[in-house]
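The next part holds the structures, each set out as structure tokens.
Both complexes below contain subunit A, partnered by subunit B and then by subunit C.
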Partner chain A sequence: MLRTPGISACRQISTTSCAMKNKAGKHKSTVNRTQLLTYEMAQKPHHIGVRKSWLTWHSQNLEEFRQSQPVVVAQDEIIRRFIRGFFPQNVVISGNELVIKRRGNVCIVAGFLQYSRRLDIRRIYWMFGFAEEFLSILLKQPVKLELAFVETEDDVAYNYI
Partner chain B sequence: MENGRKRRILQSKVMIGRLGLSRAAVRGFASAEPAKFTVQPAIERAPTDLLKALSETVGTDPTAPHFAFIDDPATIPSTASAKRTYFMAKELGKRAARELAAEWPTLFAFDRDQPRLPVFRPENLPDPLQIEPTEKNLLRMIESREVEDCCLLYERMRSENIDVSQKTQLELFKLVAYYNSSNIPFAEWVEWVGMRNFGQNDKAEWKAAGVADLLFETIPRNDETVSIMIAALSKFGENSKAKALFKEHTEAGGKVHIEAYNGLIANSDFKSALDILKDLKTIKPNVSTFSALLESASRIGKFEDRINAFTRIIGEMQALKIEPTLTTYYYILKNIIDSKTQKLLNEAKNDESEKKYHNQIVVSISWLSEILDKIENKQLEVSSNNCNVFFAEAMGVAYRGANLEISQRLLKIYESSNNNVKMPAFTTESLFYNRYLQLFIEQSTSIEQIYQKYKDFVPRLVGVSNSLSGSVYRKLSKEAHWPLLRRVIQDGISAGQMTTAMGEEMRKQLIEVQYHTLSVNERDEFNQLVQKLVSTWIEFSKFTEEYAKRLQRKLSPSQISECALLLTRIGEYQKAFELLELLLDEEASHGEESTVLAHGYARPHVMSALFEDSLRRKDSYAAALCLQIMSLHSNRNKLEPLANRIFEKCSLTESQQKIIQSFIRLRPQ
Partner chain C sequence: MHRISSISLRQKSTLADKLRAAVTGSDKSKQAVLGSLTVKDDGGEDFRELYTMPKRKLRGQLQLEQATGRAEVKQRSRMDINDRLAVRQPRSEEMNPDQEWSNVWPAARSFASSVVPLPVRMGTRPNVDKRAPFKKEGNLELVKIPNFLHLTPAAIEKHCNAIKKFCTPFPPELLADSSLQQSELPITVQYNTYIHQGTNIRDIRSRVITMTIDVNSLKLSESSYNKLVRLAKDRYDEKSGLLTIITDRCHTRKQNLEYAYYLLTVLFHESNKLESWENLEERADNLKVNFETSQVRQKLVDLIETSPNSQITQEKIDEFGKMWKTYRNSEETVESTREYSRQIKSLLGIRA
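Moving on to the complex of A and B:
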């Protein structure tokens, strides 16, 4: 009933073979080079093991501090979502560039925040205290924030493509 | 054994020569005796030994911010009040999160911890009006030191005629008497450090007919309960009641404990305190007794009598072989100088009060010197909750006596590994280092050393303050030192001094800098600093919008002239004269959107320096502008020679000269 006249049913099924192209870790460039890349984002997939390995040094392979991998993944997701939701005006690159470090039983959240329009330092301290304690209670382990401030998102730019 | 080893080595060398290395190795392994491994016994170490070794090697970086703060230049506080505000803000944030978790525990049930950690499961305190009124619950509350809740629950149990055993009543009595039926003071909060150090309780008065009085009437009287009551009454200023109770009990043949005596002594005048002390026949006095005695001796009005009393007390302690503690010394140093004399000296200086004050300072310095002799090289341990204040008090004495040597000895003792008495950071410790640094700046003759000390202490240990910056500026006026000046100004900027009177001092100091003596790098630094300061001051003046008006700091004419001079020093002539033009612009100083103060005048010496500079550059426009500004507050006689100099130095057309001449002629004579 709703068939478009002139298009046969077989044309709705794609029969071409897929390109199997690896797109992970690759950023699409823009015509006027406005896509911001941080240092981490600018690394090509084949450089990850060499240039970004320091982001994954942790103590999860030590006997006393080992947690099961799904827990770590869940924790990461909780932390990222919380930081994104709690500092919505301050996160840079939509909060995708947070680094979560695990040292002993401590979980350290590192990265950059921007001032947004104005920097109310007292408010920031309150929020840091709240976020640290909230996440500590939630994850049942000490969580520390090591977030540094930049004036605008442009300050974390390594390259524009 | 040794010979055998040598022989084997020799044989193997010979073999290597004959058979080649690889063969020799094979033969050697085949014929070698099985190697003996001995595992060395593990060195026994305490759990913190490794950390201690690390801390000895690494040490604290005094120039880094305190670990409690966010390590970012924008968020590191530099003044004492900012430190307090930020620390408390963070702590209150934490408390808010804890409250949330205690209120809605199910939202935090990501329970993967094994074993379960109660520290991450905050719970609300039980409500004394809802909880089951049992003795067990009461005891639990007593243990958690929730004093007011205990009182409520106890009163509820009494109204519901629930029996409370004698033992529990005694426990409750001890608690409520010690804390005067109020919650524990901030100084005893364990979990929240900020509240512990910054929180201040009002001086409490004894709650008459409260739970403590009620319990005291209920439980049987014996030496212990009476002693507790006397100590509590003395602690909260009910001296007459305490004395009456003491008298009543001793007359009935009872004996009170040493704590009760200490309380009575501390609140009495020195003469009565000695009388009470005479009653101590069977009980041996302790250090606290002598601290109490010193407290009572501090109320003696006459300086000589007070010193005699202190000497007698210390002599008595030596006779009884009681080692004085830092608390003992603290009471002596705190009360040695007459507060009255100091007040008199501050109000009206005269020879007599000055001499008196000087004499007291000399005595206190000699006491302090002897105290330091005693505690040097000694292991110092915590003896009471206020023993750490000794260091701050002693530094105060050294500061008043302007004795750098004593202060350095004191600092060495405080920082030595033998000292386990540490002052809380941001409060007492900051005061201690501040006094030391001020004294060092005032007394030291080497500006380089002052720079080093300043870098070490500010802003981590000592907060930036007007008095500190002022004393550094005074030193810098006598001897120039660009790195120190730059550092003090930068600290001043982050401490918000730019819009206060210190801003004027900053400009004055920068004008005094001999630009030609600076190195290339230093000139760059100077240029950047001046640019930054001037643009900030201008920005502050431009907050003319209604919502930002409270932030506005209008430029004063003197400020404009000084900024212009600084800009000419760094070669920013155009900016400088644009700024100077504001002084002649009516709109800039009047109306809703004015950015310049209507009153005040440009500094004459600054204007003449700007004028000279314009002449040197043969800039007739700039020179004429300076002349016009100077004409606002000068008469014709003063302006004429200046106009003539413009004619001499700059090549002006005839009509230009005429304009200037007629302008001068119109000025008042």
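Moving on to the complex of A and C:
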């Protein structure tokens, strides 16, 4: 393809005034106020690290304790993806809000699951056991699920916009 | 899982009828049925029916009929009705206020709204008067924060009472008089324990042992003390009289502690030994400049002998010797030099 150098050079210059507005943290509400917001979602960007984003608790981000920070990050991602994929019917907010805490060598996964679609208690017990066992073997440390059940996603709604 | 609110039924299915007829072999199959291939017109041609809509009621039609009451609505229970009936009320609602809370919440765990009978709320609201903070159920903020519900005062007391039988009281004499600690407990061992988390909870820094020994309590002779000071080098602090041994070359804390005790034993016995070549020690080899064998003392003694009517006495020489020793063995300062000058003037009777 032939390209004239003059044209491409002209195209790089834009003289129109920049109309970008600072829109971070502003949401557009729906007509009927049906869009669900959790507490995490409702917080503004300047609350990150204060009210928001305490979804993983470990000591590897402390000074003088940074021995395996990348490992922890990778483990977090593995756990989140596994829970999201293993409980697809039960996760709320597409499994984005899971709290992973570490105490000693134990890794604790907390958060909420829902049973609005189907409640099969025996199956849930089995899946909890399987997930704990699987993750424990995979991560070479005990993993405990402290996931609590809510009936529907509406129970975790902080606000509707 | 789809909900079974709308029911689609295949009604008047020609294929089903045909199959049934074929199986049963009834006479109806031979009869000319409208829409079947057997129907022929006068010219012997197949009658091909015009297709306008399927010969069954569509979902919309059924829903319309159900809504208008023309069709019977079949109510079916959910698949998981038994499990849903088995869901009980939150445990916190049927709790007895007199119960033992440490049995309900024995160990650390994330907040569970169904277990904790407290009317707590968590999270900010722009206007709390208008709308209360977020409720207890389904509150992720409460789950996030570490809670101390397993560490209630009653639980701690229970725990303390349980482990009391493994403890001995701290010596009350030492509590009353802390100065006894130096003589009664001359060895202090320090180490750090690191509490953190991960796949491996070991911390390599926890192996280091710092042992501090009060050298006076070893009761060494003059020569063995000097030898110990020479052997210990900068590990001995002369001001406080403390010997510090830091061991970190072994892998575990226990090994390092044993190694520290081994070092102390070796150091003690080595300083108590007297080799034959140690008798060859001269004045220049001393750690401290000595007054007793110094030239200054000799000169002062000579002075007393040559001038019998002088004011210099043995006590005065001893007092001067004390000052002289500190002056020679410590860093020279303006004050110490002035003190030296003052003393030598008073000793020789020179008026300033």
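Heads up, the rule we're going with is that the second predicted complex is superposed on the first by the 114 of 161 C-alpha atoms of A that agree within 3 Å, B and C clash if a C-alpha of one lies under 4 Å from a C-alpha of the other, contacts with A are read in each partner's own complex, and residues count from 1 in each chain.
Convention: contacts are C-beta pairs under 8 Å (C-beta built on N, C-alpha and C of every residue); 3 or more make two chains touch, one makes a residue touch a chain.
Model, not experiment: these values are computed from the prediction.
Novice: State whether subunit B and subunit C clash or fit side by side on subunit A once the two structures are superposed.
Specialist: With subunit A as the common anchor, subunit B and subunit C collide in the superposed model.
Novice: Please indicate which partner A:Q60 is in contact with in the superposed arrangement: first for subunit B, second for subunit C, both, or neither.
Specialist: Second partner only.
Novice: For subunit A, which side has the bigger count of touched residues, subunit B or subunit C?
Specialist: C
Novice: Contact-wise, after the overlay, does A:K140 reach subunit B, subunit C, both or neither (first, second, both, neither)?
Specialist: In the superposed model, A:K140 contacts both subunit B and subunit C.
Novice: Touch check for A:I78: first (subunit B), second (subunit C), both, or neither?
Specialist: Only subunit B; A:I78 stays clear of subunit C.
Novice: First (subunit B), second (subunit C), both or neither: which does A:E132 touch?
Specialist: First partner only, subunit B.
Novice: For A:I108, select first, second, both or neither according to whether it touches subunit B, subunit C, the two together, or no partner.
Specialist: A:I108: touches subunit C, not subunit B.
Novice: Can you list the residues of subunit A that meet both subunit B and subunit C?
Specialist: Overlap of subunit B and subunit C footprints on subunit A: residues 67, 71, 119, 121, 139-141, 146, 148.
Novice: Which residues, counting only subunit B, touch subunit A once they are in their complex?
Specialist: 70-72, 74-75, 77, 85-87, 89-98, 100-101, 108, 110-113, 117, 120-122
Novice: Enumerate the contact residues on subunit A facing subunit B in the complex.
Specialist: 67, 71, 74, 78, 115, 119, 121-134, 136-141, 145-149
Novice: Tell me, which parts of subunit A touch subunit C in their complex?
Specialist: 38-40, 51, 54-55, 57-60, 62, 65, 67-68, 71-72, 89, 97, 99, 101-106, 108, 110-112, 117-121, 139-141, 146, 148, 150, 155-156, 158
Novice: Can you tell me which positions in subunit C touch subunit A when the two form their complex?
Specialist: Checking each residue of subunit C against subunit A gives 1, 79-80, 83-84, 86-87, 108-110, 112-114, 123-124, 134, 137-141, 143-146, 194, 196-201.
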